[in-house]
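Two complexes, one shared chain (chain A), two partners (chain B, chain C).
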Partner chain A sequence: MASVIVAIVASLFLLFIVGPVAGLVGSGGGRGLASLVSDSELRQSLSLTALTATTATFLGILGGTPIAYVLARRTFRGKALLAAIMDLPLVIPHPVAGIALLLVLGRGTTLGSALYAAGLRVAGSPTGIICAMLFVSAPLYVSAARESFARVDARFEAVARTLGDDAWRAFRRVTLPLSARGLTAAAIVMWARAVSEFGAIVILTYNPKVASVLSYDRFTAFGLQEALPVAAVLVLLALVPLAALRALRKE
Partner chain B sequence: MISLRLVNSRVGHFRLTDITFDVADGGYGVVIGPAGAGKTTLLETIAGVTRATSGQIILRGEDMTTVAPERRRLGIVYQHAYLFPHLTVRENVEYGAASAADAEDAADRFGVEGLFDRAVESLSGGERQLVAIARAIAAKPEVLLLDEPFSALDPRTRGETRRQLRATYFERGFTVLQVTHDFAEAGVLGDVAIVLDRGRVVQKGDPADVFHRPVSPYLAVFLGVENVFAGTARPIRAEAPDWRDAAGDQFAELPVAFTTGALTFYALGDVVPGPAHAVIRAEEVSLSVEPSMSSMQNQFRGRIVEIVPAGALSKVTVEASGTSIVAAVTARSVRELSLDVGREIVAGFKATAVHLC
Partner chain C sequence: MIGLLAAADTLVLFVAASLTKPLQPVLDAFTAQTGIVVQRESGASLEHVRKITDLHRVPDVLLLADADVFPRYLMPAHATWYADFARNRMVVAYTPKSRHAAEITADNWMSILQRGDVEIGRTDPRIAPVGYRTLLMFQLAERYYKKPGLAKSLFDHAPDRNIRPNAAELAALLAAGELDYIYDYQSVAESNGFRYVVLPPQIDLGDAHREKDYESVSVQVRGASPGTTTTVRGEPILYGMTIPRAAPHPVSADRFVAYLFSPAVVKQLRDAHVDMLANPVVHGSGAPAGLRGGAGR
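Let's turn to the complex of A and B:
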C-alpha cells in the first residue's frame, strides 16, 4: 500500500516537472525552430547568450579552478569562510545579486567609472551579462570542481612529486587528467546555469538581450503567443548540455 | 643516510612528535608499529609531501627539511601502489625515469616488462605493487621509502620481490626505510628497527634486540610475544643461586624473582622491586617429559591445554599452577614427545630468556 502511495506521489511530481516543459515545446517548438530562420533578433540573442555564457564559463574555470583545488586539498584557517563566500551567490535572490553587481560595477561607482574610462563598459553591455552570469553560476563550478579534485587521492600527487614533478607539473600530468571528467561536467553545469540566468542579467544589462531576457521582453510587450517560440527554443537549447552531461556520465 | 632530529608534523588531528633516529648511508631501516601509529605519515614527512612543522630532516648529509619533494632524490612506494590509472604500465614505469632504458631495466628486475602495454585497471593487486616498485626504482632514488610494499603479494612473489629488491639495494647502495607489519620481514631485512606508537618513537635499535626486549608489555603483545605476564619483580641479590653462563662466568645482571599468580620464576635484570611485566618468546620455552638437568633455571610441571600448528612450528599451551605458558616447538618434537592435549609435561625457560619491562 505504502509503495503505491509513493508511486502516485512520484508520478505526480514527475508530471509537474515534465508537463509544463512538454507543453511549452509542444505548442511553441515548431514555431520556435521556424523562427530561428525568420527571426533575426532571436538568432542574435541566442548567439549572444552562447557567447557570453561561454566567456563566463571560461572565466569561471580560470578563477574557480585554483580555489576549488585549494578547498579540496588544503586545510587552513578561514577555509570554511572561503567555502561559505563561494556559496553566497547561490543563496542570494538573483535580482539582488544584479543590484549588488550594479553597486560595484555601475557607471556611477568608482570601479565602474574607472572601467568605463578604460574603455570597458559593464552595465548595459555584453560585459555586464558576463559579469552577472559569472557571479551566479561560478559557485556551481567551484563546488563541483572541488568534489572532482577531492575524489583524486592526494597520494597520486605525492608519488608524482617524488618522481620528480614540481607541484604544477604533478597537477598537470596527474590531477588534471584524473579529474578532467568531473571538471568538464562542472563546466557544463556552470554553462547551463549561465544560459538560463535572468534575474541578475536583467538588472545589469537589459539590452542587448540574452535569450531569457528576450523571452521575458516578448511576453511583457506582446503576450504569451509571441513569447512561446523564444521560450521553446530556450528549452531545446537546454537539452544540449543535459545530453552532454549524460554522455559524460555514461562514458 | 636518513637522519631525523626532533621532527614534528601534523596531519589533521594526528601528530608526529619529536621523531629522532638515524639510518646509516646504504642502511636498511624498518619501521614497525600498530595501525594508526603514524608510519605512513612518517614516510610522507621524510618525502616532504607532508610538511615538518619543526625539527630537521637530513638526507645524505644535506638538510632537506624545507626542500621540495621532487628535489629530495627519493622514491616512495605505498601499500596501495597508486599507479596512475590514466597511463599504461609502461608510462607509469617511465614516469620518473631519466631514460626508457632505466625504465626497462627496472621493469626487467621486477618482472613487469610483460605488462608494459596493459592498462592499469587490468592488473591484479600483486602486479600493481610490482609495477609501483619498478616505477620507484626506475627513477633511481638515493633514498627509498616503502610502505608495506609486499603486503599485496602472494608468498612466492613476495619472496622473489624481496630478494630482487635486496639485490638492487646492494647494487645501487641506496638507503631504505620500510614500514612493515611482518616481524619476520623486519628481522630479515633491517639493520635498524624503529618502533612507532601514537606518533612517537618508543623504541629503536637492532631488530633482534627490539624483538627480544620490547620496552613495554603493550609493545610485546604487538610484536607477537606469546608470553606476557603481569606480576611483581623482586631483586634477590643475597639469596641468588650461583648461576653461570655457558663460559662459566657469572651474569652481569642481577637475579630477580618474578611472581605471577601462583608461579614464581627467575629472571635477570636491573629492576626496582614492585609491579612489572615479564616477556618470554614462545621459541625460548622448551618442553620435556621430565625436568632437565641443564642450566634451565625455570621449570614448571603442567598440563597441555592446546596445540595449534603454526607453519613449521606448533604452539603448545601448557597450564602450570593456573598460568598459561606458550611454547613453540617443531612438529618433530610434537611427535617425539607424543605431545597431546591433557598430557602432563615440563615447560622450561632460562632466566636470560625472561625480559622484564
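Let's turn to the complex of A and C:
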C-alpha cells in the first residue's frame, strides 16, 4: 500500500516538473528554433549568455575550488562561519544581490570608482553580468565541490605525502582525479544556474541583454506569444548541460 | 484563522513606477481607514498591460503614466473607460555627486550632457512612456534651440548600457552614483530629493496648452509584434487610471477611487509633488458616478 502511495506522489511530482517544460517547448519550440535563423538579437543574446556564464563558471572554479578543499579537509576557527558566508548568496533575493554588488562595485564606491577610472565598467557591461552570475551561482559549486573532496579518502593523500609528494602534487595526482567527476558535475550545475539568473543581472546590466532579460523584454513589449519562442529555445539549449551531466553519470 | 483572513477585504493595485513612492502613504492611510488590504504592484506601463492581457491577472485599479495606453491596448476588451488624473514634466535630474553638478543650468544643460565625460541614463522607450517621452523631448529641444542634430547627439550620449526598464529603476541608479544625469519625470526627481534642471515648457511635455506644439514631433517605437513599429506623437503628459472590467474586488475599487480623488488626498499628493488635475477627465462609459462630470484642465 505504502509503495503505491509513494508511486502516485512521485508521478504527480514528475508531472508537475515535466508539464510546464513540455508545454513551453510544445507551444514555442518549433518557432523558437526557426527564429534562431532570422532573429539576430536572439542569437546575440544567446551567445552573450553562454560566454558570460562560461566565464563566470571558470572564475568560480578558480576561486571556489581552494575554498571547497579547505572546507572539506581542514578544521580551523571560523570554519563554520566561512561555510555560512559561502552559502549566503543563495538565500539573498536576487535583486537584493544585484544591489549589494552595485554597492561594492558601482561607480560611486571606492573600489568601483578605481575600476571605472582604470577603464573597467561594471554596471551596463558584460563584466556586470559575469559578477552577478558568479555571485549567485558560485555557492552551488563550492558546496558540491566540497562534497566531492570529502568523499575522497584523506588517507590516499596522506599516503602520497609519505611517499614524497608535496601538498600541491598530492592534490593534483590523487585528490583531483578521484574527485574530477564530482567537480565537473558541480561546475555544470553552476553554469546552469548562471544561465538562468535574472534578478541580479537586471539590476547591474540591462543592456546588453542576456537570454533571461531578453525573454522578459519580449514578454513585456510583445506579449506571451512572442516570449514563448525565446523561452522554448532556452529550454532546448539547456538540455545540453543536462545531457553532459547524464553522460558523466553513465561512466 | 482562515475566516479572519477572508474577512479582510483586498484591493489589487497596478501602479506606474513613477507614482509609487508618492502614493505609498496614501495607500497606508487608506488601509488604516477602511481595513482594506492593498496589494500594490509597481512597474512600467507595458509591464502592467501584459499582466492583464497575456497573464490574465487583472487588478482592481490601474494607474498608468500614459493615459493613451488605455485606448491603445486595453479598450474595449479590458476596460470601458479611463480618466486622466495628473500631469507631469520631463526634467534632467542629478545629484550633488554628479559630474559638473555645480555648473549645470537651464541654459547650458545641452552642452554639458554632450560632453562625453558624464554618464547619462534614460528609460527603455519600448516599454515605458517616460522612455519615448524622452525621445520626443530630444526632438522638441532640437527645434526649440534651433540646433540641427541635437536630438541624435543627446540620444547617442545616453547609450544602451544606461537604459533601464522603468523610471524608478533609473532613479535608483542615479541615487547609487552609477549615473550622473537622468531624463525622468519631475515628480520622480522631487520624491527622490534629486536636483533637476527645469526645461522650457515648449519641450518638457508638461504644458496642457501646448498640445499643438508637442504634436509636431513623433518617434517610432516598437510595435505590437517584432519587426513592426508604431508612431507615437508628442502630447502633454497625462496619467490615466481605470477600474478594469474584470476587477476582482469592485467594491474595494470604487471605495479607493472615491478616496483617491477626495480633496484631502489630492492635496496630499500635490504636496508629494504629483501634479493632480483639479478634476479627473473621464473618457468612455461606465465610470463610477462620482468621477464623471469633471471639468479637467
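Please note the rule applied: the second predicted complex is superposed on the first by the 242 of 251 C-alpha atoms of A that agree within 3 Å, B and C clash if a C-alpha of one lies under 4 Å from a C-alpha of the other, contacts with A are read in each partner's own complex, and residues count from 1 in each chain.
Methods note: contacts are C-beta pairs under 8 Å (C-beta built on N, C-alpha and C of every residue); 3 or more make two chains touch, one makes a residue touch a chain.
Keep in mind it's a predicted model, so treat the numbers as computed, not measured.
Annotation for the three-chain superposition on chain A: chain B and chain C fit side by side. By the touch criterion defined above, A:Pro177 reaches chain B but does not reach chain C. With both structures placed on the common chain, the touch criterion links A:Thr55 to neither chain B nor chain C. In the superposed model, A:Ser27 makes contact with neither chain B nor chain C. In the superposed model, chain B and chain C sit 150 degrees apart as seen from the Cα centre of chain A, a figure rounded to the nearest 10.
Here chain B and chain C are compared by how many residues of chain A each touches, and C touches more. By the touch criterion stated above, A:Pro208 is placed in contact with chain C alone, chain B being left untouched. Looking at the shared chain after the overlay, A:Val159 reaches chain B, while chain C stays out of its contact range. When the two complexes are overlaid on their common chain A, residue A:Arg107 makes contact with chain C while staying clear of chain B.
Legend: residue contacts after superposition of the two complexes on their common chain; A:Thr220 is shown touching chain C, with no touch to chain B. Superposition on the common chain A brings chain B within a closest Cα-Cα distance of 48 Å of chain C. The intersection of chain A residues touching chain B with those touching chain C, taken from the two complexes, is empty. Per the touch definition, chain A reaches chain C in the complex via residues 39, 102-103, 106-109, 121, 123-125, 202-203, 205-208, 217-226. Interface residues of chain B, counted against chain A in their complex, comprise 12, 44, 47-49, 68-70, 72, 74-76, 78, 80, 82, 84-86, 95-96, 135-136, 139, 141, 145. In the complex of the two chains, the chain C residues touching chain A come out as 44, 46-47, 50, 53-55, 97, 119, 124, 126-127, 160-165, 169, 173, 176-178, 222, 224-226.
Considering their complex, residues 75, 153-167, 174, 177-178 of chain A touch chain B.
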